[in-house]
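So the structure is just underneath, and the comments pick up after that.
For clarity, chains are labelled A, B, C, D, E and F in written order, and residue numbers in each chain start from 1.
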Amino acid sequence: MTYVLKAPTREKLMRVGTANIANVLLKHGFKNAMMHGIFPINSAQAQLVGPAYTLRFIPAREDLDNMTNYSRDDNMHRRAIEECPEGAVLVIDAFGNTKASSMGDMMAARLKYRGVSGVVTDGGYRDSPAIHAIGLPCFQKHNAPPATPIALHPISLNEPVGCGGVAIYPGDIIVGDGDGVVVIPQALIDQVADEALDAFEYEEFAALQIQQGRSIFGLFPATENSRKEYSIWKCAQKKEG
Amino acid sequence: MTYVLKAPTREKLMRVGTANIANVLLKHGFKNAMMHGIFPINSAQAQLVGPAYTLRFIPAREDLDNMTNYSRDDNMHRRAIEECPEGAVLVIDAFGNTKASSMGDMMAARLKYRGVSGVVTDGGYRDSPAIHAIGLPCFQKHNAPPATPIALHPISLNEPVGCGGVAIYPGDIIVGDGDGVVVIPQALIDQVADEALDAFEYEEFAALQIQQGRSIFGLFPATENSRKEYSIWKCAQKKEG
Amino acid sequence: MTYVLKAPTREKLMRVGTANIANVLLKHGFKNAMMHGIFPINSAQAQLVGPAYTLRFIPAREDLDNMTNYSRDDNMHRRAIEECPEGAVLVIDAFGNTKASSMGDMMAARLKYRGVSGVVTDGGYRDSPAIHAIGLPCFQKHNAPPATPIALHPISLNEPVGCGGVAIYPGDIIVGDGDGVVVIPQALIDQVADEALDAFEYEEFAALQIQQGRSIFGLFPATENSRKEYSIWKCAQKKEG
Amino acid sequence: MTYVLKAPTREKLMRVGTANIANVLLKHGFKNAMMHGIFPINSAQAQLVGPAYTLRFIPAREDLDNMTNYSRDDNMHRRAIEECPEGAVLVIDAFGNTKASSMGDMMAARLKYRGVSGVVTDGGYRDSPAIHAIGLPCFQKHNAPPATPIALHPISLNEPVGCGGVAIYPGDIIVGDGDGVVVIPQALIDQVADEALDAFEYEEFAALQIQQGRSIFGLFPATENSRKEYSIWKCAQKKEG
Amino acid sequence: MTYVLKAPTREKLMRVGTANIANVLLKHGFKNAMMHGIFPINSAQAQLVGPAYTLRFIPAREDLDNMTNYSRDDNMHRRAIEECPEGAVLVIDAFGNTKASSMGDMMAARLKYRGVSGVVTDGGYRDSPAIHAIGLPCFQKHNAPPATPIALHPISLNEPVGCGGVAIYPGDIIVGDGDGVVVIPQALIDQVADEALDAFEYEEFAALQIQQGRSIFGLFPATENSRKEYSIWKCAQKKEG
Amino acid sequence: MTYVLKAPTREKLMRVGTANIANVLLKHGFKNAMMHGIFPINSAQAQLVGPAYTLRFIPAREDLDNMTNYSRDDNMHRRAIEECPEGAVLVIDAFGNTKASSMGDMMAARLKYRGVSGVVTDGGYRDSPAIHAIGLPCFQKHNAPPATPIALHPISLNEPVGCGGVAIYPGDIIVGDGDGVVVIPQALIDQVADEALDAFEYEEFAALQIQQGRSIFGLFPATENSRKEYSIWKCAQKKEG
């Protein structure tokens, strides 16, 4: 598994919406690509794009999960913070559990320093306001401040997991924005980025048309004719540019 | 069914809170008038007031619900966007389903252009940040970015529906604010608007009293005496005005 | 039961995070100290600290719960608003019910005037935007605008209750911030405040270290050595100050 | 508060269905009389009828709730088992919590011996198969075998509580059958029993009519004419008897 | 829309399991054919097979929904009981609401007499034990004894609805068994019945093989070779028969 | 990790209740040992005892999960059926998903033939009535008949998983009865079996005492004195035997 996300592809994915990507994935037969009920901790945060590096939690057990064991250097939760590659997105499978924290502000600060792109969990975080202040794009179900060992045991790094009802394989591309989080299978990344950008730019064209009073019929979703109009508009734009 | 909402009535309803209206409706015997778990996509959005025009979804079926059928001009979801009357509120019965989008930013832009007042769904939207930017007051359960045909099939326009656990009959008046969404039966609109405005203004009076240190006993809820004080205060205000 | 919360203890608790407190309580054997799914009505609101004064609701019954009975001066909901001690936090056990309001803006205004610190409910409020404007820190599950008697009957004042899945005994200290709400057993208040402040200041030290590129290993959670470094850093700070 | 339930009234309530009683209560203005989501542990168990004696739980706290404290003779959970009056129904407000047991088979055996009519909780039981074998009619949300102190703390006896979303005041009459559990306000017991029995017997008449091919129109719900027919049928029956 | 369900097709569907049918529908591209969370009121009840006749509920409203209006002969709930065709299945869209009854034993008795095949709701019933005694196969979420007008308003007959998360178009074939309820699009009925029976009989063959110690590999799911073995076995059986 | 479960230990665990075991585990500090919301498919089924062999599912993905891939011999779901050791319990982590089947009757028949003790899932099964007829003790959330690949992808065998909110490490002992399912950490098996049997037999003694009219005070929970009485009773029994 490689973590190479080409710069141009990343730039495209930074511009488009998760909903555009979900539509493109639907055309490729993927109906279940957006996590359900997972949202940004702060709607003002930056767009998140990067390859998935995963951490899997299972329920805690009283004899294994206490602050002493938690503090050990081989604790996989803490290892994930130090080992998640630069540019990657840490995806945490907390099996939807919000009774304990998937991450806090100290860990977020370290990830930020290490150049990790952001974090997604189907559980929740502690210190959410501080995490937002750090500037790391993070997505969760809702805040979950109690200490991790109260309910969560880190069991494995970077294996396929589920998060928010979607399968994530290491290296899949995660994109998050104000709408939520979408997962792009690794093999389709560049193609999806191109098609999503095209869909995004078509919507820029369509938005202008709608502002001028045009009906959505024949315009949205796109038709063969409206695609032609869009091509002309796009060429004109480029000339201007 | 008429869509006439008198301008003065509309002005009154633009001033009062949904909670004031709910209280007035309770006096008329309506206990179940506020949608449950339906909130604005952005707490900063404007107040929503208008008569209900409804769209009903049922679960999607794979042979009927695909992007090809979805693009047809007789698709009721898209027809709703073009046919919802100016000034009306599009109320979408998505049977609480947030696995697919009840509406996106292109449709919101068109509704805005057409002078539709806003949208309410017990499902969710895609492109919520863009919808907020467009300035159309919209209410939902939570974001639901996946493409509509993945889970939702539009089956009928402007028939009685349920939304957020409340019955909506076409022409009922929908009012939405930072608290949520309330439904006013059509026959009671003007009366409810008057009573709600009176309750709202009484609360302005009561708020002043409370700021001056008065107890809520004998003041809130209103008593015969406090109503008299309020009338005097109101007259005084008008003279000032 | 006493409501004395020493000023220095209060100052400490105003500085620290609820997550810091939850960690300290865990060290004392308390795993279930943070309310689940209870959040501030507005993330910008001030920190909440104060001893708990409780109100318990049970389900409403049609013959007992109507606006007439509700308006009586012996109504315990309204009595709670007038009797909750200055500086205390009104904790409302609404058994998780969001079908009716645990409180509205008139009551919030009165509590604010009376010097009550804030309100916590596992139900919801009406007039949430107005409550935020009043400046009273309030926490809830989500908005619940319908009139209280529709679903809630106030049955007792200041007895032990549950709220958000946590036991609250009158006089326990409630602390709320952007993360949520934590409950400190009365007997441990001063000790927990000291330990939480120490943990909070250690995290200030750790945050600086992380910003300088230090790994969380050996730093977070704290080790004996990192504690020593922290002590030195802290002394140095004091000299500077 | 008295626990007198007249023998004839009890006999009537032993014959009728909870749904008949709920209908009668609706005529008296009570819409929320049946517990929601509370069912018998075994559909074959006997009908439950008796006045409510209540036990209220709040969430457990680690320093107060352990097996040592639990074993104390002043533990209210155990006191409830010894103090619930003969013929009464023990109604347990577990605030819907099924993470720990509201009762087990030892307690059920003791209640059975003491002549208690049965138990209702909005939590769950341990040893449900054994409880059924003991022959005590018991209703719950679903099994909850873990030890009580893990999640539940008994806080008070025989005060008004909520259970399954319904208010229960000590002395209210509880009736449970295969459909669920209904609560009859104490002041209405005899009247409701009479009306419910009448409704029940009318349904016996209606069932015969339906078996003979009669439409439900003009028969169910009852009309003035069908009531007359029923009276004649009933008189005829009595003569036969 | 026709209600003709050929006798041989019906016989086939009476033999096969809903899970067999769901598998066949999956081969035809239908992934969402089984209702979610809808089960028989009694696991001992007979298999249900018949074309769908639908009733749609919306939330009740206090001024429209009372026992007086409910008793009117044009009440659609009662009309459904008299108008649902013989042999059909009454499918009730209660939008998942279990706060009031989708049907009771009087209505079930009438449907039984009229030769209706059974009833499916995503709400619940009252008098479930009596309904089972009547012998009408009925499926629901869970018991819901309160009177219908408390929460449900019947709004339309035999239009497309959703039930248990699945789309039902009038005339679709409903099959229910101990596993749950599946919906067969009308156009595919005979083909699905044939394929499901074949799958069912293959499983009879496979079960015998497994009892003799054969691995599921190469046997289940069926392979080309195992299909051949099955054909030979089937021929042999017929000769025997 | 060994799968040896000593015959005497197994016999003890076959006699005791899951609630007895949960109590013993609580004494050892384990509060979260019983799965939440997981029950037998049929209350009449035999007790389940055996070491855990685990299968983990993640959400399905359209390009990987189809009947073709599902039929491959390296499919881990099918491998689990052939590789789960004799006497073991197959524990399936379906992350609580009931939209597709964790197992069906063909697989159950094969497991039965292979001498596997039973199956536990936090999802659900298809063909539940047939599975019960096969006589394999199986526990689930509720029926889930749709084909596995619709929602579930088998990703790993016999690694630590979560099921019903409890951690399961391969080799832990699973015990299931009419109450639910409990998990015993491998290191404690023999000790827990002894203590649970003792607790079980003490309850037999206590039950007799209760039948003779003894109060639960001083008897249940056991006291030093009641333990002595029990010892005498037990010796007397042995002499008789």
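A few notes on this one:
Simple rule for what comes next: contacts are C-beta pairs under 8 Å (C-beta built on N, C-alpha and C of every residue); 3 or more make two chains touch, one makes a residue touch a chain.
Just so it is clear, the structure is predicted and the values come from calculations on it, not from any experiment.
The minimal number of chain-to-chain contact steps leading from subunit B to subunit F is 2. By residue number, over half of the touching pairs seen at A-B are also found at A-C, the match among A-F, B-E or A-C. Where subunit B touches subunit E, over half of the residue numbers in use are shared by the two copies, so each contributes mostly the same positions. Among the other chains, the CA centroid farthest from that of subunit E is the one of C. Fitting subunit A to subunit F on Cα positions gives a rotation angle of 180°, stated in steps of 5. Averaged C-alpha coordinates give centres for subunit C and subunit F that are 40 Å from one another.
A separation of 50 Å divides the Cα centre of subunit C from that of subunit E.
Touching of two or more other chains is recorded for residues 31 of subunit D. Of all possible chain pairs, the ones that touch are A-B, A-C, A-F, B-C, B-E, C-D, D-E, D-F, E-F.
Across the complex, subunit D is touched by residues 29-32, 58-64, 95-96, 153, 155-156, 159-162, 165-167, 185 of subunit C. Listing the residues of subunit F that touch subunit E in their complex gives 67, 70-71, 73, 78, 81-82, 98-99, 101, 104-107, 109-110, 113, 126-130, 142-143, 145-147, 150. Note for the complex: subunit F touches subunit D at residues 17-19, 22-23, 26-27, 31, 33-34, 36-37, 39, 43, 177-180, 182, 203, 206-207, 210-211, 213, 215-218, 220-221, 223.
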